[in-house]
Amino acid sequence: MTALASGIERREKVNRPAVRVPAERLLEVAARLRDDPALAFDMLVDHAAIDWHAENRFELFYHLFSTAHGHALTLTAFVPRDAPVVPTVSRIWPVAEWQEREAYDLMGILYDEHPDLRRLFLEDDWQGFPLRKDYRDPDMLEFQK
Amino acid sequence: MALIIDTLPGLAEKIPGGQVLVTSLDWLLNWSRANSLWPLSFGTKCCAIEMLMATGASHQDLSRFGAEVARNTPRQADVMVIAGAIVKKMAPRMRMLYEQMAEPRWVMATGSCAISGGPFMYNSYHIVRGADEVVPVDVYVPGCPPRPEAFFWGLLTLQRMIRRGETVRAPGVRRKPVLSALPQGIAVQDIRAEIHAALEAENVVDVENAAAASPWHGKLRQWMATNLYKP
Amino acid sequence: MTVNVKTLNDIIAPPGAAASALATEEYFVNMGPQHPIAHGSLRLVVRLDGETVREVIPVPGFVHRGIEKMAEHLSWRQLIHLTDRTDYLSALMNNWAVARTIEQAAGLATNDRIETVRTIVAELQRLQSHALWWGVLGMDLGAFTPFLYGFREREVISEIFEDTIGARLTMNYIQPGGLMYDIHPDFAQKTKRVLAYLKPKIDEYGTLLSGNVILQERLRNIGVLPAARAIALGCTGPVLRASGVPCDLRKVEPYGVYASAEFDVPVGSKGDCWDRYCVRIEEMRQSIRIVEQLIDHIPEGPHTTVKFGARIKVPEGIHYGQIETARGILGVTIVAGGKADAPYRLHFRSPNFNNLWAVTELARGWRIADIIAIQSTLDLVVPDIDR
Amino acid sequence: MARVKLTDTRKETRTLAGRPVPVVVTPRFARRGRLAVFADALASLLAGMRLTFGYLVRPSTVVTRQYPENRATLKLPARFRARLRLTLDEHGYQRCTACRLCERACPNASIRILTRPGALSKHELDRYIWRMDSCVFCNACVQSCPFGALEMTAEFEHAVFDRRLLIFTLNRYAGPPASVLLKEPDEAKRAAAMEPRDPYGGPVPLNGTDLPYLKALAVAPRPDPVRHAAAPAPGGQA
Amino acid sequence: MTGALAAFAAFGAAETATAWPVKTVAARAAEALPDNVWLAVLYMALALAGLGALVSGLGMGLIYLERKIAAHFQCRLGPMRVGPHGIFQTVADTFKLLFKEDIVPARADKALHVLAPFLAMTSTVLMLGVIPYSPVLQISDVNIGVLYITAVSGLGVMGILLGGWSSYNKWSLIGAMRGAAQIISYEVSATLALLVVVMFAGTLSLSGIVTSQAEGWWIWRAPVVGGIAFLIYLTASTAEINRTPFDIPEGESELTAGFHTEYSGLRFAFFFLAEFINMFVVAALTVTLFLGGWMPFHVGGANAFNAVMDLVPPGAWFLGKTALVVFVIMWFRWTFPRLRVDQLMRLEWKILLPIGFANLALGALAVLYSLYFFPGA
């Protein structure tokens, strides 16, 4: 990882190895993570986003797993809340195509150069992104503990 | 068969003995309908496993009631068993399935999700809180999911309603009994008499009007106009 | 940067395509959301050329209930019940995944009894789930009798669950720090009886369906998923193992008491429907083997280590835990906000969601009927895709 | 069996992620002569038919339980969860102290407890309202109760024609719990403190959901303060 | 083998075989016509009423039987609650379907949509008219009976095709196209198998074929050829009536309900009924052609043995044998998975058809050189 060092830091408070990369370097780092035979993260286990509303940004996380070496890594990246655009990693891990569509659908993350960025679960004419913390739905009964 | 149901009673009642004919026709109608409830296999969630599969399986055997003929096409089904949560994306489709079913048709809502939204009643942005917001429901079977036996109880309840049900004199209007007790079954003794009477008075449901009054009726029309008949 | 967002109509009826719609022989057919193959309510938009499949576009979301949003409003204990309702056929394993992640994050200890019982009930549920899958596969391929035989076996296992857990489908049994109830006094005896009953039945499955030439022809060489492609598509569970990758968290990252149980991981060699079929059948045998080893050696001890009323404190941060359910890896990402008794964000990596997309590649070029076989051998549970 | 021997599994050890994994490789198809394949195919079909025929001619394999006919002998597992009940102690007094722990434990607010100032204690149970129509039977209420005042029973026959009938008042009387009642020696005073309740009595709070057919039937719709009111700020989590 | 049979035949060679007086209802009517017109009309009316009763009775009975047998194959009980052991179940079903709303989709081709179920039904009813149920119970014995059957059974495909086409539904259309392809393909094999028997019997009349089996049924009298033809005919006709494992036109799990997806109420009942009547017809024809029809089990020349066999009335023989074949067809359904379309076609064109042709050639040789039992009879 030393060769890639600039801008990459450890993501604290994750129960597995985790690094944070700048969103604009995501693609480059992801490609390296998959293709470097010493790393060989060939499976993108999971990808989703967290809405840090108070900090006005989203955090994307990518859980990676290497079937060759058995090691795991969590990759995270911050994107600003007002322009949540990141490059797609679906060309590196094909499954990301749908995981990213889910993140777009529910969280409103926009993936640049995504082959098929559509709503996944909700209807195409749905307004808003429900997993955002400031989402309000007139039909939703909110019940607080 | 509109002839038998719509025209015949009017003619038959005028001739001597026609009353008997109409009454026995009523009996035949309701007997055959009650004993031949072919379900539409409409399951969305966990309840589908219990309601449509486990009940049909060997240990429970829905076919004892003559109801194992699960139809995949709504045209041939008699009772729509709503098993599982209905969400906003599904609601217009479910309404459409209901409208595709041939009369007489019945709806059973099984499980908490279909009755009221159940586990997803609160804090869910996509749930429809109760299938009765979309289609008129005849029988509710509570449980999460109900046991297969509970589903049978619901089926017996529906059969009881159908037997009492429609007459050829006023097709489309059904009278629902308030309590679901069978002759040999348990009756809830201590329900207040006036609630009983009030509910019974209220529960003469005009199926057509009730269906048209549902908010989803309009939504379905709108949805069909926008989504369905695209060239 | 501009990001192009599409809708489904852009694909089905792209602008300008209407003029030539009559000229082409290809047509779209909707499988679902109300279709027997949907196994719940999944919509597959299939582009067909005669009987040949050109493209499959899965459209999920007909049971999307927003479980991840709901979980943000529920306490650590309460959100377990939501996991029953995602992949309801492996409800116990889902319970376990969340409970285990919470336990790891909050540092709750369990004891051997709890872990052993969890392992046993999880394996029983795997058996139950595969029995159901086998039956439904038979029904999908047009043989109705296997469906009833599969359910007969499922019902027998359900009886054990009813005694111990008090539910047939939505268990809510495995809770952070323990189990809801201790096992029923008859549990071990009844389980052994059921295992003795099940073993010959699995051989019967061989006679009725596996050995049947029609079934073999329906599954052989259909929907081949090579290992590298399966990994890239994020497939896990029997789907990945059928492609020859022995990826089973029970071996790779043992949890529960799997480390002390002796069992093999069934793998296929080609990755077609037949391999996926055989892997699941073999998994049933292995599950029986695991339960047989454990059932006589359930250690003594309390069934829970945390009092129900006790507040569970999950430290701030991202906690990821995963478990091998009947359909693959269920990953739970819990983002805890520190003080609150509820997750700040919860995300499920559901096995079915990731397995689903294999259908877009596998079905291409095959017949309509092969979609059925492929879909059946992928063994999808739609509410788990939609969450 | 045709072309594939189902028992033909192969055990070996493969490595994944640096660990040896014992695997069992499932059987594959063998290349065989046309006639042999044809004969095997026929044999496989006959084997299947023999199996099903075996079930047909042995009526003892029928496993069906005939539910409505076997009601009298039907035995359900004691732990099965199908209905919530308030337990009574040996004097017939209920144990519930209206402490609301169950209300708080309920994941979807299917329990609503109404209290009132009591004669024997500061506040006492007025109505214990349980919404069977939304209950998920997760047992959290039973587990949360420190007094053992709740139990899940296996009665399952609750099908109704009207959803409102699934909202029960669980307590048989409004009044103090057994622990308070038993401190009062006077039988008459105890009886006076217990006001009877029936399952469907009283105003039923619907927790904000409206029932659509109430409107369709020209019954005045219930004023609904919760549903479209401005939602409270999403506090509660970090 | 032949020697053993000859010895067996010699055992009771005292009497000659009974001549079977075949007399159809149509023949009776024609006989009565010059003397008494009303008697002729009565005969024809009886025949029609009998046909109607047969259709409805058979339909209900077979559906009930199918449900009960299926249930017991599957370790369950089947209909139990409508009447004792659910015997009135299908009666309830019939009346329900009769009273159900009849939907014609808005965009359907109305005339064809209405016509299709009647076409499907008509073809099966027409076939019922020529089947010899017993020597005295046959409505009409057409002298080209086999040809007539082949022609009329081809009409059934029109019902399926029109029903699927007119419904304005893609599933219906796919189902109809599959159905048409399948039925027409398998008709070839079925006809080839029929021809074998026609060659042996030397007649196209169904009654003639039955009486030609007085010395023994064709399935064993022409040992290899007859057996193969029987198997081919059973397979091909199971495919022709769209039963599992060949039920791809309605393929429940693929095409929702195939060609009758858009049919409800009475018209659906017609399709449903036609399927079951077809099953009976196919079984009856199989019995007529290969298993001797109403002819008791005879061994040529063994007259004492034959006389014992004759104690059971011919109608009972017919019924028993037909029931057996119906059961086998049901047995197929509740055991096998469904074939895929291309596999279905492969089975027909690459396996059944060559075997059928070879069998026909073999049969021709057998007839030419009298290589079958009791050729002289």
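For the reader, a short list of remarks on this structure follows.
The letters A, B, C, D and E name the chains in turn, as written, and every chain counts its residues from 1.
FYI, a residue touches a chain if its C-beta (ideal position, glycine included) is under 8 Å from a C-beta of that chain, and two chains touch if they have at least 3 such contacts.
Everything numeric in this text was worked out from a predicted model, so none of it was measured.
Any chain that touches chain C and also touches chain E is listed here: B, D. Counted as hops between touching chains, the shortest connection from chain A to chain E is 2. Chain centres here are means of the Cα atoms, and by that rule the chain farthest away from chain C is E. Of the two chain pairs examined here, A-B and B-C, it is B-C that is joined by more C-beta pairs in contact. Chain centre most remote from that of chain A: E (centre = mean of CA atoms). In whole angstrom, the spacing between the mean C-alpha positions of chain C and chain D is 22.
We define each chain's centre as the mean of its Cα atoms; on that basis chain B and chain E are separated by 39 Å. With centres taken as mean Cα positions, chain D sits 37 Å from chain A.
The set of chain A residues that touch two or more partner chains comprises 67, 70, 121-123, 130, 140-145.
Looking at chain E, residues 73-77, 80, 252, 256, 334-336 sit in touch with two or more other chains.
Each of residues 16-17, 19, 45, 48, 51-52, 62-64, 66, 80, 107-109, 136-137, 209, 236 in chain D touches at least two other chains. Across the assembly, chains come into contact as A-B, A-C, A-D, B-C, B-D, B-E, C-D, C-E, D-E. The residues of chain C lying in touch with chain A in their complex are 1, 3-9, 60-61, 64, 66, 68-69, 73-75, 104-105, 228, 231-234, 245, 247, 252, 315-322, 329, 331, 333, 335, 341-342, 344-345, 347, 349, 353-354, 356-357, 386. Chain C makes touch with chain E in their complex at residues 27, 29, 35-37, 51, 138-145, 148-149, 152, 208-209, 212, 214-215, 217-218, 367-370, 372.
Residues of chain D that touch chain A in their complex: 16-19, 104, 108-109, 208-209, 226-228, 231-232, 234-236. For chain B in complex with chain E, the touching residues are 1-2, 4-5, 28-29, 31-33, 35-36, 57-58, 61, 63-66, 68-69, 71-73, 75-76, 78, 100, 102-104. Listing the residues of chain A that touch chain C in their complex gives 11-16, 18, 42-46, 48, 50-51, 61, 63, 67, 70, 74, 76, 85, 93-95, 97-99, 102, 104, 106, 110-112, 114, 116-124, 130-131, 142-145.
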